[in-house]
Structures are given as structure tokens and as C-alpha cells.
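In the two complexes below, subunit A is the common chain; its partner is subunit B in one and subunit C in the other.
Then we have the complex of A and B:
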């Protein structure tokens, strides 16, 4: 194998694929990236057996061939090469090594045979749709923070992606995530080809990689799904991942429908006040109490170890007075997702879920369980 | 969990579990063999109208769900049965009437249902915690009708079944729990299926609230809060820390 590739192109592509490679691997070849030179260019591929990313970069192939080398090492080498350098990769000369040459630097890397590199057999995809990268990214961005990190709740360790009928009777592509304390839901009008989509749970690591692939907001993503796998193609990058084999709970039942106490608050003022009063809260209990009365909200935190804090805000609230506690971090997580200037909270009582949304947008909503304070 | 020391406590969302109610999910045991045989024998039943009797959590609703799936029967709570609703209830030619309990249903409606079911040769599966023949009823004709209904009793669960039920209840909630925790619970919980349901519900909620896995330590805490004797505290420390 002999191939020459522009450093910037190689670095960009390696930055996509090397993240898939775990730092610690019991199976040695999983630490490697597969590089394959052919007439279409240079193909790079990395996998952790659950997630696989393949990208093709333009390259001048002198001699076709393939091998595998440690992904993080190759990434670090290319990262440190001078800008604008032409990188030459050559394997097959000295036994079992890949030579990396650029300007006057020369590296020799141990390889493992290409034939041993695992393939994530994708199988057939039942549904394929195209969606604007920015739109798909929004679904992921708005919900990702609510994914559970508790590993034994494997069925909550991802984003539930499904097609459902929205409020206006339209078919919507909806993303939902919950960790059992809060829930986030975002949706967009279902693209052509998404009808009848199986409801799937996309794992957290895959979600993070999809976000990275969609950094270019103008890009178009092609999403393919089966009941066991998802594939997202953006330009010359193809990400294929297994899905979480579990049942996402019937989340609709925890989204409050009848909460009649409406609170409208300036989002930034609210977030800043929550952040300020929570300074005195302890690491273990980050509760902030909201005391609502007509036109007024008092935020307070009491920490027996360090002291207390209160702050008053003018708000739009006309229902009967209510005291309710929330985890301040959760409030900040949610307010940071809102896009408009004002937040709308629909409350019931101190023991029931509260609905939070932008007062001007209906395509995302958040549900937050209170804390007993 | 933190309420004991006065710290604020995060409440969890009430995310519903979806119990597995297919035939292959039913845990067969000597105590429920007669009732299970009946359901498996459908439509070759000894009578068109039958009743399954057993304690809370015995599997009556699970058997009803299997029957409903096979027969196309609707499932109706006995308390919701009205005289006017009887023809509609029997529209598919089969009906499950759940939780028949003396004093909670309309005698006129049930009498009409039994009559119409006989007339239409419909299948009717009733479930109850006590045999309907023991109900004291105002309508003498209804009492005699009910006495004639064949009853299939489910006996209270034995230890082997309780262990399997615990594992199934955790599996319904997609929770993986080690064998040691299951054994620990079995030794200390109320030894009924209803008791198993209560402890699994409470453990699921507590684990979700505290963002912890279900472990023996958590089980001990929850048993204590439910007022059941947790016995000796677990001798080994919990390997999983509390996140919040």
C-alpha cells in the first residue's frame, strides 16, 4: 500500500474516526484504525464493536492496499505535523509496519492485519430519510442532557427516536430522553421516508458522535434505521451503530396535561437568580425552593452547613401561592435549552411533575420532577 | 432516601413499567396448573362461563390477557359493568370480567350478562379473589347461577414460584438484579406475590430517585422504610456510590 494525502484532510477525518476508539481495549485490534487505499481515495474506519465510523478522504493512491495502525497514535502524529504537509503512508516494505512520512519527519508504526478488523454487519435498513443536518442536530442537542448515566438503566441510556402524531395531527419525528428525574422532548415534522419508523433507542456514545458529525449546519444527513441499527451519513462519513435493545417507557404518561398554575419568567433573569442562590447549596442537595405568589417569585436555598440565600424576581403568575423545590442544576440545564426570552412553567403541586417550555415555541418541552424540601 | 436526615429528596418521574403478559411469560407452577390448563385448553372448556379465583398477584390478569389475546375477548372491570353495556361487552363473543368482588358490582347487570352469554353461547372468564359462590347476594337467581360456575383456584405462591416472580417483576422493569439480592429479598419480604410486587415497585422507585442500581444495600433500606424487617445489615459495602 502506498498513498499520499493532504495533512488537513487526513487530520479532519481521523478526528472523526479516532473518537470511536476506546482508550482501553482488551481486544488489541479495536485500538486500531483501518486504512485502505483505493482508487476512490483513502478509507479510514474505526469501531468499538457497537459503533463504527467510516470516512473516505481524497488521496493519491500509488499502490492499493490496506492495514491497521493504532488510532490515537496516528491521530497524534498527524496533528503534530506541519500545516500544509503532504503525508505519505506506506506499508508492505518492512514487515508488519506502516511508514508515515511528511516533510522531514518519518514514523514507523506497528500494524495488525486488515483481515482481522471487525466489521459491524449492518444488515438491511427498513427506513431511510433525509433531514437537514441542523434540524436533526437540534433534536439531539435539546434532549441529550437528559439521558441517564445510570448504567443499570440501560433502556434510558440513550435517546428514544420515533415517529408519532404531533399536537397538530401532523406526523412528527420525535426525540425523547429521560433519567427518571427530568425528561426532554424535541420534535420536527417527519421527513419523507420516516413514516412507520420503528421506535429505537440510540445509545449515548452514538448520540455524541452524531452531534460531532453534524457540526456543519448546512450539511444534509441521510438516516437509515432498522430495529437493531442506525446509520447516519453526512457527506463522505458513514456512522453505523447498534441500538439499545430495550423498551423505552411509555413516557407520554409522565408529561403533565392538566397543570393549571402558569408561571412566565424572563429566562436569563431566572437562570442567573437560580445560579446565584444555589452558590450556598451543598454538593449533595442542590435544592432551590421557589415560593410563588401573585406577580412574585422568591428563590431560596438553605444549607445548614454554610448559610442561606434568597432572591426575589418579578414574574407573571396569578394562580394561588405555591412553594416547590427543584434541583438547581436541573433548572439550569433546562433553561439553557430554551431558545426564546421567556420560560413558561406549568405547575400543579410540590409533589407532581412540572412542564417547562419556551413560551413562543412548541417543538420542544421539558418535564421536571420536584425535590421535597 | 435522603429524607431520613432532613436533606431535600429528589422525586422520580412515575415512568410506567410494562409487564410482559404473553403466554411464554407466564410462570407455570403446581399451584396455578389448573387455571393455566384451562386457558391453554380454550376453546375446549368444560363450560362457557368459568371463574379463576386466587389471591392478589396470583396471575389472574396475566391469564386473562392470554385468554383475551386468543379469543378476542374484551377486558372489563366488574365494577364498570352496566346492564345497558352488556350487549356491547359481549360483542366479540368472549369477555373477561375482572375482579368480581361482593358488593362492588351491579347484580342486575351481572345477571343479565350471564343470561345473554348463555343465549349467545359466548365465552365468559371471570376473575375473583374469593369464590363467587361465597358472595352474599340480594338476587337469589344470580346466587344460584354463580354457584353453578366452575371455579379454577390458584394457590398462594410457594418459595420457588416467589423467587421466579421476583425475577420476572424486575425483568418487567428492565432491571438486572443479582441472585444474592433476590435471595436477600426472598428471606425478608412478605411472602406473597403482592408483597413481591410492592417491594419491587418501591425498589424501582428508590433506585430511580437516587440514581443507583438495585443492590442489597438499597434493598435493606427500602425494606426498612416499608416497615419490613431488613434483618442484619449487609456485611459488605455497596460498591456503587450515591450520585446526588
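Then we have the complex of A and C:
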């Protein structure tokens, strides 16, 4: 194998694929990236057995062939090469090494045979749809923070992606995530080809990689799904991932319908006040108490070890007075996802879930479990 | 040379002679530093056995062992049984071989706790600086209490020992020294009903001939390492340069070089907050099958849960402890998503850990503990998706209420009904 590729192109691509490779691996080949030179260019592929990323970069192939080398080492080398350098990769010489040459630097890397590199057999996809990168990214961004890290409830360790009938009777592509403390839901009008989509749970690591792939807002993503795999293609990058094999809970009954106390508050003022009063809260108890009265909200935090804090905000609230506590970090997570200027909270009582959303938009909503205060 | 001294029975001065000039008692204490030392270690003598003998006079003159059945271990042996060689932590069959005429009683922890609390309360009347080490022993720092009690710490302690005998009906041994390390050693020198003083001046010479394992914190493993490096007695440590010990064993080495001369700067820390709540039991016969193990585990989980609920606390880390038939200890821990005080949650986590350990090994002991503690208000928060917590809380609350009203036996989980395991030794 012999191939020449521009450093910038190679670096960009390696930065995509090397992240998939876990830092610690018990199976040596999983630490490697597969590089394959052909007439279409240079193909790079990395996998952790659950997630696979393949990208093709333009290259000048002298001699076709393939091998695998440690991904993080190759990434670090290319990163440190001078800008604008032409990188020459050559394998097939003695002792199974890959030679990396650029200007006057020369590296020799140990390889493992290409034939040993695992393939994430994708199988057939039942549904394929195209969606604007920015739109799909939004679904993921709005819900990603609520994904659970709790291993015992593995079916919450991802975003539940499915098609459902929205409020306006339209078919919507909806993403939902929850960790039991909060729930996030975002949706967009279902793109053509998404009808009848099976409900799937996209794992957290895959979600993070999809976010990275969609950094370019103008890009278009092609999403393919089966009951066991998801594939997202953006330009020359193809990400394929297993899905979480489990049943996402019936989240519909978690979303409060009858909360009758409405609070409207300036989102930025609210977030800043929560952030300020929570300065005195302890590492463990992050509770902030909201005391609601007509036209007024008093935020307070009491930490027996360090002190207390209160702040008053003018709000739009006309229901009967209510004291309710929330985890301040969760409140900030949610307010940072709101897009409009004002937040709307629908409350029932201090022990029941509270609904939070933009007062002007309906395509995303959040549910938050109160804390005892 | 006349050192300050007094009679432990009538507390009058006794600077010389073998008997008290006032009452004729031979129980005199005399020491050059007697009036200046103020750190004490107080240890109840054969505590569990003493409480039982107090409550049943027919036991007073017979050897008494508190512990499990044939298979358990000795938790306390009275001094009569100790003459025959019976020791704490000795397997029961061995103890009974040494002393076949001994009376064996199962521990009645509730009774001991009451007596222990009584003694603790009396200590706290002497000084606020009481650092409990266990149910029946504590460090006391009586510095600056002379004016308050109108007597030196030594006399205050002697009076306290008398008061415990009178009011609680058990005896204690007192070790008085300049620091915790020496006080702990001193209380062991003259047991039972003892009062011994270990001054700073004599400490180095006193320690010199003792083995290194005499030092608190130097166990078999570290002791072996020290012996391999040529340190057999404390004198060997005294001869070594502190810098050399520090180089060999790090911070621990420096500590050793100071302790070897009886120097210890640790303060008596009152109010050691509980760091964990646990319960364990030793089986009558070794067990390897999941079913009996999980039954015992459930009972222990309930016990831990009870104690957490009573103390108004909860914990986030659950630890399973197993000791195999060949005395190998296994501990496995799991951190929960949220702190809990519920028996079902504690048991759930511990049982999961247990299932992985059941591999044909025979176990002699099982225990479960909860640590990473917090107030009960932060425990078992409501969950959006999983509503079982609320249901569990309600169910356990109802069970606890019934048991409070009708006794512990009023309600039993099905899992315990075919339990053949018995629980002897609790901690």
C-alpha cells in the first residue's frame, strides 16, 4: 500500500474517527484505525464494536492496499506535522510496519492485519430519510443532557427516537431522554421516509458522535434505521451504531397534563438568579426553593454548613402561593435549552412533576421532578 | 523518692507505703507524672459477660462465654473463662474444649447498648472530649477540668471508675497517659478493674523490648515487612534514624519513629460521626448456596435499614462482606443512583453483588453495610419513570408501623419463612 494525502484532510478525518476508539482496550485491534487506499481515496475506519465511523478522504493512491495502526498514535503524529505537509503512508515492507513520511519527519508504526479488523455488519435498514443537519442536531442537543448514566436502567442510557402524532395532528419525529429526575422532549415534522419508523434508543456515545458530525449546520444528514442499528451519513462520513436493546418507558404518562398553576418568567433573569443563590449550596444538596406568590418569586438556598441566599424576581403568577424545590443544576440545564426569552412553568404541588417550556414554542418541552426542601 | 499517689478506694492521699493510711486498701496508684497526665483510655472489663453476670447473680462465679452456638466465635469471655485460655474471636468449639464447664450465652446487644450508653453518659459528665472507640471503650481528654472537678484528672477518673461500679454494676480499667497511644496501652496493663499510668518519661524504655506489632496499626502484614527489614522490637525502631524510616515506609515510617518513643499528637476527637451502618453474622455451618445466603442477607438488610431509619440517615454506597471458610475476606461495593434507607433497596444492591460471588465457595460470615451517609430527607427521591420507590416507601413504612405496634415478629417477608440459617453474632 502506498498513498499520499494532504495533512489537513487526514487530520480532520482522523479527528472524527479516533474518538470512537476507546483509550483502554482489552482487544488490541480495537485500538487501531483501519486505513485502506483505493481509487476513491483513503478510507479510514474505527470501531468499538458498538459504534463504527468510516470516512473517505481524497488521496493519491500509488498502490492500493490496507492495514491497521494505533489510532491515537497516528492522530497525534498527524496533528504535530507541519501545516500544509503532504503525508505519505506506505505499508507492505518488511516486518509489517506502516511508514509515515512528511517533509523530513519519518515514523514507523507497528501494524495489525487488516483481515482481523472487526466489521459492524449493518444488515438491512428498513427506513431511510433525509433531514437538515441543523434540524436533526437540534433534536439531539435539546434532549442529550437528560440521558441517564445509570447502568441498571440501561434503557435510559440513550435518546428515544420515534415517530408519533404531534399536537397539531401532524406526524412528528420526536426525541425523548430521561434519567428519572428530568425528562426532555424535542420534535420536528417527520421527514419523508420516516413514516412507520420503529421506536429506537440511540446510545449516549453515539449521540455525542452524531453531534460532532453535525457541527456543520448546512450539511444534510441521511439517517437509516433498522430495529437494531442506526446509520447517519453526512458527506463522506458514515456512522453506524448498534441501538440499545430495551424498551423505553411510556414517557407520555410522565408529562403532566393537568398542572394548573402557571408561572411565566424571564428566562435569563431566572437562570442568573438560580445560579447566584446556588453558590452557597453544598456539593450534595443542590436544592433551590422557589416561593411563589402573586407576581413574585423568591428563590432561596439554605446550606447549614455555609450560609444562605435569597433573591426576588418579578414574575407573571396569579395562582395561589406555592413553595417548591428543584435541583439548581437541573433548572440551569433546562433554561439553557430554552430558545425564547420567557420560560413557562406549569406547576401542581411541591411533590409533583413540573412542566417547563418556552412560552412561545411547542416543539420542545421539559419535565422536572421537584426536591424536598 | 516520693511520687504523688492516692488510694483508689477512699481517694485519700497515699504518698508512700503498700496500704492506704486512711482505709487500709492495697489499691494504691502512685506515679511521678500522676498529677499532670490528662489523656485516658477507659475500657469496660469483659463487657458483655460483666453485664450478664450483673443481671444473673448465679453466673458470677462460673466461667461465662458470650458468643454464637457451636459454630460461632467467642465475642466475650469472662475472666474466669480467660484463665482457661478462652479468648475473644476464638472459635466456639475450641473455647468449649478448653473450658467445657463454661456457660454459653447468646449476646443480647440491646442490653449491652443500654449499659454502654449509660457509661458513655457518665464519661461525658467528666469532659466534653470523649472519643468513643466502640460500645465499651473510649478516649477521654480531661485537660483543664481540674478546677471544674476540684481534683486532678487521675482522681476524677478513679472516682468515675467507682461510680460506674456502683451505678452500672460493671467494672472498668483506666489507662492514664500523655496521649492516646500510651493511654490505650496503659489501660491494658492492669486489667480488670485496673488503673495504670504510663508516663512520657518511662515510655521509651517501656516500649523498647516489645515487638513492633505492639504498635497500634502495625498488623501481621506490616509487622512481617518490618521484621524482614530487621525491625523486630520497638527498640530496633528507636535506633533507626527517622529519615531512614521515612524513606523506607513513607509517612507511616515517620509515624512509627515517633510512636516508638511514645510520642503521639493525635487529639481526642469527640463526636465521631458514623461513617457507615452495617450488620453481619457468622453461620452455624459454612454456606455456599445462594438461597440461604440471600435469606440471611435480607434479614441483615432489614436490620441495617431499621438502624438507618431510627438514626434518620441514609446512605448511597452498599457494601457486601463475605468471609470464606478459609477466612478470606471479600468485600464488594456498589454506589446507588440515590441514597436509600429502604431495606428492599439495600438488599437489592447487596443481593446483586452476592449473586456474582456465589461460585461454590463456602462462606462462614456474611455482612452488609451502607456508607456515604446523608440525612434521610435526601434519600429515595421520587422518580419520573420508576414509581416503585414511592410504593416501596409506603410499604416499608406500613411494615415498620405494624412492627412498632405488635413487635418485630408481627410481620415477616416470605423470603425468610423457609430460612434455616440462624444468626448468632451481630456487630
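Just so we're on the same page, the second predicted complex is superposed on the first by the 373 of 373 C-alpha atoms of A that agree within 3 Å, B and C clash if a C-alpha of one lies under 4 Å from a C-alpha of the other, contacts with A are read in each partner's own complex, and residues count from 1 in each chain.
In the analysis below, a residue touches a chain if its C-beta (ideal position, glycine included) is under 8 Å from a C-beta of that chain, and two chains touch if they have at least 3 such contacts.
The model shown is predicted, which means the values in this text are computed figures rather than measured ones.
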Fit-or-clash call for subunit B and subunit C when the two complexes are aligned on subunit A: clash
If you count the residues of subunit A that each partner touches, which comes out higher, subunit B or subunit C? B
Subunit B versus subunit C as contact partner of A:257, first or second or both or neither: neither
Kindly classify A:154 by the partners it touches after superposition: subunit B alone (first), subunit C alone (second), both, or neither? first
A:26 in the overlay: touching subunit B, subunit C, both, or neither? Say first, second, both or neither. neither
Given the touch rule stated above, what does A:367 touch, subunit B (first), subunit C (second), both, or neither? both
Given the touch rule stated above, what does A:246 touch, subunit B (first), subunit C (second), both, or neither? first
Superposition on A: which subunit B stretch among 26-34, 116-124, 134-142 or 206-214 collides with subunit C? 206-214
Quick check on the output: what are the common subunit A residues between the subunit B footprint and the subunit C footprint? 150, 152-153, 178, 180-183, 249, 251, 254, 284-285, 351, 353, 367, 369-372
Would you tell me which residues of subunit A are touching subunit C in their complex? 150, 152-153, 156, 178, 180-183, 249, 251, 254, 284-285, 351, 353, 367, 369-372
So in the complex, the part of subunit B that touches subunit A is made up of which residues? 2-3, 7-18, 174-176, 207-209, 211-214, 243-244
Which residues of subunit C touch subunit A in their complex? 337, 374, 377-378, 381-386
Residues of subunit A defined as touching subunit B within the complex: 148-155, 178-183, 246-247, 249-251, 253-254, 284-287, 325, 327, 351, 353, 367, 369-373
